[in-house]
Amino acid sequence: MKAMLIDPDRLFPAEPGVRNIARALYEQVSNLPLISPHGHTQAGWFARNQPFPDPATLFVQPDHYVFRMLYSQGVSMDDLEIGQPVIRNPRRVWHLFARHYYLFRGTPTRIWLDYAFQQLFGLEERLSEQSADLYFDTISAKLSTPSFLPRALYEQFHLEVLATTDSPLDSLADHQAIRDSGWKPRGNARILPTFRPDPVVDPEFPGFGERIAKLGEQTSEDALTWKGYLNALAKARARFRALGCTATDHGHPSAQTADLPESEAAALFAKVISGKSAAAEQELFRAQMLTEMARMSVEDGLVMQIHPGSVRNHNRFVSERYGRDMGADIPRAINYVDALRPLLDRFGNEIGLTIILFMLDESTISRELAPLAGHYPCLRLGPPWWFHDSPEGMMRFRELATETAGFYNTVGFNDDTRAFLSIPARHDMARRVDCAFLARLVAEHRLEEDEAHEVAHDLTYGLAKKAYRL
Amino acid sequence: MKAMLIDPDRLFPAEPGVRNIARALYEQVSNLPLISPHGHTQAGWFARNQPFPDPATLFVQPDHYVFRMLYSQGVSMDDLEIGQPVIRNPRRVWHLFARHYYLFRGTPTRIWLDYAFQQLFGLEERLSEQSADLYFDTISAKLSTPSFLPRALYEQFHLEVLATTDSPLDSLADHQAIRDSGWKPRGNARILPTFRPDPVVDPEFPGFGERIAKLGEQTSEDALTWKGYLNALAKARARFRALGCTATDHGHPSAQTADLPESEAAALFAKVISGKSAAAEQELFRAQMLTEMARMSVEDGLVMQIHPGSVRNHNRFVSERYGRDMGADIPRAINYVDALRPLLDRFGNEIGLTIILFMLDESTISRELAPLAGHYPCLRLGPPWWFHDSPEGMMRFRELATETAGFYNTVGFNDDTRAFLSIPARHDMARRVDCAFLARLVAEHRLEEDEAHEVAHDLTYGLAKKAYRL
Amino acid sequence: MKAMLIDPDRLFPAEPGVRNIARALYEQVSNLPLISPHGHTQAGWFARNQPFPDPATLFVQPDHYVFRMLYSQGVSMDDLEIGQPVIRNPRRVWHLFARHYYLFRGTPTRIWLDYAFQQLFGLEERLSEQSADLYFDTISAKLSTPSFLPRALYEQFHLEVLATTDSPLDSLADHQAIRDSGWKPRGNARILPTFRPDPVVDPEFPGFGERIAKLGEQTSEDALTWKGYLNALAKARARFRALGCTATDHGHPSAQTADLPESEAAALFAKVISGKSAAAEQELFRAQMLTEMARMSVEDGLVMQIHPGSVRNHNRFVSERYGRDMGADIPRAINYVDALRPLLDRFGNEIGLTIILFMLDESTISRELAPLAGHYPCLRLGPPWWFHDSPEGMMRFRELATETAGFYNTVGFNDDTRAFLSIPARHDMARRVDCAFLARLVAEHRLEEDEAHEVAHDLTYGLAKKAYRL
């Protein structure tokens, strides 16, 4: 067995001529700073700059990519201590994970983890039952050193922008604390909040009414009226912008939008706030709110991100026992072409508006998304995310989107992760796959090599900065 | 022209480095025994061990892959003597087939047939109008020799398990006769029934009520009551298990499941048994029965296979004139994520339950099936079948499923065939395509070679035995 | 930078062995005549044989592939003078296009344009802001020479058949004028009309009733009655056939067909002709008309082409300001399997009928279209068109369709273009991609090389001539 977990040529096409082109493209972009405009790390880590705890808490507990796979093969979530505030026996959890590490063969999780194990912790022997203790001890030891504190890692990762995802009700105290701390990462590097209003926009969320009331208090608006509610949201957006926020994020079950007359919208709001609305009314309200958010974006310049199409908390037993977001969100077939029309009829031709569409249903890429983004000036295609944030998924995205939408209606890469230590691995994977795709175009004489170099740079760095207005 | 129909490197990637890896992987698995846990061969062949008749009856008449293609190009099904109990002029039918053999270029049927022609019958010249008689005579001569009797072929094919598919009303006399015959294929090789209850579960089948009555007689239950009907099914399952059956099979139009209160289920049963139910009630009944079958599987350990999504007998003229299953079953878009939820809400987290999901709508693989199988402990993904049981289909399945579900939520290969002589060819194709996929992962440094060898063995042998509890 | 825009090996696979096979296949078909049985060039060009105007009017204004991409990146359609009868400042428009030429990287438009720039105009430097004037002047100069007149280009392109697309109300005077002109392109080359009845079949078209009345006048039928309307259509078809027409074309929102009893059909016609029909009635009428057209095709032998699944004029602002067909037609998910059933129940087994199905929803290829075409004798699969008329789109089509439908249920290539100068580039691309696909089959020993040569010839030439009865 080779004494390395990751190979310098990983993810490049096997054909030697194409591989050489891919290598040359990658060399030009491999060291560019990381732009992470969409993710789920915690500002508190950087505000407090405390060491990360043990390996199990770092790699297993927060990562539903990891524990859903173990669960699918019969490993008990109780044995993995999922859902516990603190892992009591991290070494035991780590062994359980190590024993099942073979399950990740062929998955991106395996590639991300191996990258972190080797690049960050110097491990070169494959994780297994046999090497579990070596891993646990090595990682534990390093985590307690200064160079593994969150801020040190941020700088080591060469992050230039890291965006978190935050509720409108969040005080953003951690973001303020980072600013107040005097920490200045090199360059103009910064950590920014993202405005994610789902908890105060989606009536299906438990405690919806209470949250609206709280939103009203925070903004000194009568948020239980339609007008006051919209004012409150606009003020919350302004508060986010003051801390550098450039984007909003909307995770709806569908891509449905609506453009109701004001009186109907107000009546609908009254209905959903009463707690007595039907599912169809809740869907219509979310749809209307996407258009309201677009209107506010036209006014304040925040970029909209729409992530539709996931059936959340599909496993009733798991969500009842362990809570939300436990690896059981399953995509469903989705229609963008009709669903987005009300919003696009109203704002689709606004030059100042940017809406980034994400997808979980790959059949929509060539059928709907690329044609839409290849026409409407406000639309851009987000990178493949979640289940598609993977070598095959990224490659299919380029193959399905590029011919109709081109490269310049896409927005670079998002890591979209809670797993801070996986960020460099994820960006590295995206850069390699994009270079592999470009190398094939060059080898097939569909693109000249000098152009491919320029595109590689844009996909890695330029497009994300431009699309997210960073 | 080369004096060979099949090449030792067929189906391996062209790039020499990747091909070498594929070859090495294939060498390790090419001679493993065949596990055929799902198919449509006839136990009677092995019970009676009589010679197969002429080439047309063997290769053309039973294989709707073959005659649907001829029909699509204007060849008359009457001229092919489809639907006749005995082919009167097999040589004429064979010539008609040979003259149109070029239509199969680029199809898996061509590869399966060439394999059988060369490997079993020693033919090395391509089938055509010119070689039609040579083929007919060569095959006819061999079929009358002892080494071409069903049992001899079974052993020559190195089959370890061969499962048939059987109605609950089947006496299983042929299976019993095989047991009683004293025939002992080498190893622990065996022929097993599979419990396919569609004819007594789907009210759309003609003669539904009569069949239920017959089921009651066979099991000494009052099968015209809901409780008696369920008891009768449980007893029929027990009878199958006594002859080695380990699995059930369910071919429904959709994947819909339901979990009705008992009184509603009983009322629905009374309605459908009355022969006066509407289409929606019949759909709901099938949906309820999938959940009932899952309940029985939790109790008796039979593995469930669900094959949804085909519009059966789409061609009215053909089904009226020639009957069911004449090559005109066409898939339709399907939703698993909502449809399976009632069943999964009830039994989705049962460790003792295995449900194997098959698909005909490839857009569901990355969107729904891999995420479902990558989470629920009871779910596994069946191999690509029917129209997708092909080099491109199998490769897309691995590309679309593996990154989310891994390899270990899949179950190896099924040949699913009526064409006994094609079984080795089909397994060989699956082994080659899997090795080709694994070789690319190795060449792109996404998997180490030692791991790929282990996975190749599992995909070929281990996973099927485990998933089907053989 | 290389002094060439297009490479002799473009679009061939990079692996040297496969590339060699592809080259050999391509050499045999690269010079075959072009069969263009479906497109949107104008017969008037050839009737009048006047020079094409400036480069902007030739390459930018009529090509929604081009201007939709510019619009998607914020270029104003007013600045591009889209929708103007005459471009007032073509050089300014050309510069705007040249400055944004990088947007087309990775798109087929780029490959078509570069082909025309180099092959027709001798340009070898890439189009950019810097080279914009060189391009404008070079192209302008050549367009005024005799060898760039429409008839000269037709002969230079080696066209054998060029079909236009025409309303039943069209006088076909231009087609008659071509015949009367005495122009005899070499071989049996000819320009033919295609019967596209959408404007007199789809009640959603503005002015529907007036058009029906005009149709009645032209055919001396009382077209405001159901029977007279059908007679009028039959007479119009006969008029087209007299000028060489062999096919009809139907661009419906869905693939829905219907087979109503005559009295219901007559009542429905009365309703839609009254101008007071609901959307569902209009859909049902279109559905019924597909079956009526199939009936007439059984009688008169015209081949039917069905292009369903596009949401036309999706961008309200653009269609209100610039009119129809401005690059904002977006595909939608589509079902063929149920939608076509009424028509197929009635005529699906007619040997004399040919229906060519096109798709914009790739998920239907392996799921519905290939199984349908691989069974029904009347069905054939049209080539990938519109957004899928591209290297990746064509390759996916072959990969998804061939294993189930074979090659012989497909119909060769359509360029489907308004951009006359792109026709050779488009056919060249299709030939190269087909040869690349075949080369892979040969390299993987899935097809013998002699057969691949025969298939390449059929895909390039034979199948189009046969399917369109040319």
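Order of writing sets the labels: A, B and C. Residues in every chain begin at 1.
Methods note: a residue touches a chain if its C-beta (ideal position, glycine included) is under 8 Å from a C-beta of that chain, and two chains touch if they have at least 3 such contacts.
Note that the structure is predicted; figures quoted are calculated from it, not measured.
Trainee: Looking at chain B with chain C, do both copies bring the same residues to the contact (over half shared) or different ones?
Mentor: Mostly different residues form this interface, as fewer than half of the numbers used are common to both chains.
Trainee: Degrees of rotation, nearest 5, to put the Cα trace of chain A on chain B?
Mentor: That pair's rotation angle lands at 120 degrees.
Trainee: Need the CA-centroid distance for the pair chain B / chain C, whole Å please.
Mentor: 40
Trainee: Listing for chain C: what residues touch at least two other chains?
Mentor: 13, 15, 333, 363
Trainee: Can you list the residues on chain C that touch chain B in the complex?
Mentor: Its residues touching chain B are 13, 15, 17-18, 333, 335, 337-338, 341, 344-345, 348-349, 351, 363, 366-368, 370-377, 379, 399-400, 402-409, 440-441, 443-448, 450-451, 454-455.
Trainee: Write out the stretch or stretches of chain A touching chain B in their complex.
Mentor: 1-2, 6-7, 9-16, 68-69, 71-74, 102-108, 111, 126, 311, 314-318, 327-333, 360-363, 387-388, 390-393, 396
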